[in-house]
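What follows is a structure written as structure tokens; I'll ask about it next.
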């Protein structure tokens, strides 16, 4: 497979398509706003007018859309995937959507004779640019095997997780842990500060110990300086917490820390921080009055 | 400084004293149960009968006791540090105690003309053996500077944090974040399992991403196989959560995730898991009935 | 209006229909399992074969079904309300369902020319028998005004809350507060017990003070004696907590206490208490090991 | 017993002493600021210069001080109770203090030959004025029996709870439940408001149902109109939550709802609401931004 379709030229999709081009893939791209395809075209991509046109040209097409609505739209709307998908064609949705959306898309593609893989990724802009994503694939195993050369370019590791829906679930679990950790981290930074300790020294101490991790290292300094430029918007993190809690509800798993973290993210949303980076939850712990 | 006293031959203290011996320090040791000093003696340590005897022989003495009661006992009881500490002598308490205990010990040592440093560590048995502790020192700066050759042997990095109490506080903040993370991790592992995902695959996915950290890597596999051999007992972790929350209370810092994590550790204590490793909190999230 | 239809002869529906009969209403009843209508028939009710048959006979029909699925079924399935509802007929759904279900039913009834009212109630078996329910109505105001004679028999007070969905929402808010209170109460009872105080004395003290309420008075003694005979099953209470939290999520309202209570109800479900009374959440706080 | 000493003429103490006067008791009063005794004197009280002078004149003396420090001061400071308490004299501390403070005072009084009762009350200004307090007594049973005529005037009911410390603990348990309920109530009021329901209607609905209680009835309307005139200051409520959680910690009782409520009270303190009524926790749930 050296020819691949790519739907969705947002921050993530564009970086991923560019990686494929750089590694010698022929890439047919489409985006709702076609102007976002210009840079790709300059690097050799073929620009198509509709998702259906991409599917027609390519045996395998990847989608990287912003949300479930967009992910459904490229499949079911006029000019969408269903118009051209058929036996011998595969569609891989790498968007972050809930399991239900994935399952719905998968069934529609299968009904037309095509094969489907959901493959959400862990990692944001920088790992996308560097081909360092973690790919959580589930669905048609043969399609997974076939698309591995592309996955090898896009990510540092891919997992095959079984039936459609499992990719979405795995991503939710990871993001839930991440969201709780971000809260623990924020609480600790504020506690250090209010207790007369330097948050910056705390960052140094943390980075040497058993809980040192890239997120603390990357986000810590910008949080301390109140820089919340969104890599992963808080409202999306909160949505993932909600969906993970819903998954826990289905399975009777009690998760009090995740629930508390979710409420803090909601608190952050309630004061208008939803479009900032998810690390902006830090702001809600700040003490504005001297303690009595 | 090539001669140093060492009080307390528990798991941590013994490993640390051994490291000092290996690096050419002359070490005078004491332990409540003297038999625990035998191995050290075989490696060249001088065994003393009381803490006071150690202080008398050494300009600088380190204490590594199991809890605040023991830390106070070596100072204030008969045969204790106060009987011999005087101008020109320094005592460094590396035990994990609360700020009040540190301050009380520091004042008593100062009253006798001695100098004091609290220096709790981050890291347990393995880092102690490998000289890879993180040392959080606070108190007399000159004593800190003087003891750096020993700290260089014991730890991979030491911090000087200002006035006595700050070392204890910094350690609490770090342990609070760690305790919340352990809860987030446990919730995630159980959620994965109950949602039909492999906990082992989750560990792999986590280890590749932005929240990869040594604790998840070390504890994850043993948690999945229900091995909770205590490196850091759950009841001690819970005590640190409680003390960190109390520190937050003093400073009006709201920490809902830490509070939820603390209650889960208490739940674990309530069903008899207090003496197991703190990762045993994982057990309380397990679902014992099929969801309706 | 002295003639009324009544769909659903569960615990609640039967008690309500009986009340209407006792107060001189002519009542046409239907139930999926017709045998449940026998007692009503003996008291003068007319038994019909389908929901449609009830609608055909009555200008106003009340439904009291067990869950959203049943509530939808009597409307949309074969022999359902939609087959006969038309201009001049009103349907009042008193089941506890989510806002979406109410809205869907309301729209379908309206499309056929009928008028609709949702009217969930607060109160369980005993208030239903005694005509002491609290009725939370929303939808067609004229239908509300017309059905007031029946509401006066069924409840001690009815509220008109505006557009369809508001009845469901009001009930969720009330049940959310109730669920959090039950958790606070349970935690307090266990705390008293483990602190060497008599839970029974606590019940007496509570009943004299500012937070005395019927629920503590009714449930307290049976909780202390571990009697959890279900008046309101725990799994239904937990579902209401979940739906209330979802409503909070939509509106960016952070509710940490409700979230913590929800996780405790989930914990109770996870150990198989879902079918007991919601007061069985008490069981999860019990301490099974002596504290260290 | 028709002669009684009374220490502490704060809001509560003054109302209680006035009640005793009104019911024919001879009352000897003392207050740190003597001017606060003037009104009592006009109603027939004898004003003394020190706590010791009160003890000297009366066989039984009641204390109602603002906090543990004041409660200890009237006992241990110069001119304090210990100077005159002796065999045949009894001291009853009705202040709200922790169990340790009660125990310390009790032991000191016993050492001088006197008898001691702790008797904290449930109820604030209004019940104090109306003689409708709930009295939670513990300690010397004979003293309890002897003081019952006074308790009958001060309260609507008194309980004898056993050993000193149990009164304090019982009050903590009650206040903990109350604090969690206030949070549940606040969350519900905000949720109603943001969901398009009238908070005032919610108050009406609540007042008719199973969880109707005097606190909701009294506080609800003022909360809705943002009136937080302090009857029970938020910082004191939060302190009681903290102490109740500490009691739970000692006994390994996990209390996630109380812990979440405590963090919300701390959040309220952190933004400067500590001196307002505890119902001001309502303010922290308000949403200041439209949800996305």
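The chains carry the letters A, B, C and D, assigned in the order they are written, with residues numbered from 1 in each.
In this section, contacts are C-beta pairs under 8 Å (C-beta built on N, C-alpha and C of every residue); 3 or more make two chains touch, one makes a residue touch a chain.
Since the structure is predicted, the reported quantities are computational estimates derived from the model, not experimental observations.
Asker: Among B-C, C-D or A-C, which pair gives essentially the same interface as A-D, with more than half of the residue-number contact pairs in common?
Answerer: B-C
Asker: Return the chain whose centre of C-alpha atoms lies at maximal distance from the corresponding centre of chain D.
Answerer: Centre of mass proxy via C-alpha means gives A as farthest from chain D.
Asker: Round to the nearest whole Å and give the separation of the Cα centres of chain B and chain C.
Answerer: For chain B versus chain C, the centre distance works out to 53 Å.
Asker: How many angstrom lie between the centres of chain B and chain D, each centre taken as the mean Cα position?
Answerer: 40
Asker: Averaging only over C-alpha atoms, locate the centres of chain A and chain B and give their separation in whole Å.
Answerer: 38
Asker: Going by the contact rule already set, what residues in chain A reach two or more other chains?
Answerer: Within chain A, the residues that touch at least two other chains are 248, 252-256, 259-260, 263-264, 269-270, 274, 287, 289, 291-292.
Asker: Using the touch rule from the top, collect the residues of chain D that touch chain A in their complex.
Answerer: Spelled out, the residues of chain D in touch with chain A are 235, 256, 260, 269-272, 274-275, 286-289, 291-292.
Asker: Touching residues of chain C toward chain D in the complex: what are they?
Answerer: 122-123, 134, 136, 156-157, 159, 161-162, 166, 169-170, 173-174, 176-178, 180-181, 183-185, 187-188, 190-192, 194-197, 201-202, 204-206, 208-215, 218, 244, 247-248, 250-261, 263-264, 285, 287, 289, 291-292
Asker: Mind pulling up the chain D residues that touch chain B in the complex?
Answerer: Those residues of chain D that touch chain B are 242, 246, 248-249, 252-256, 259-260, 262-264, 266-267, 269-270, 274.
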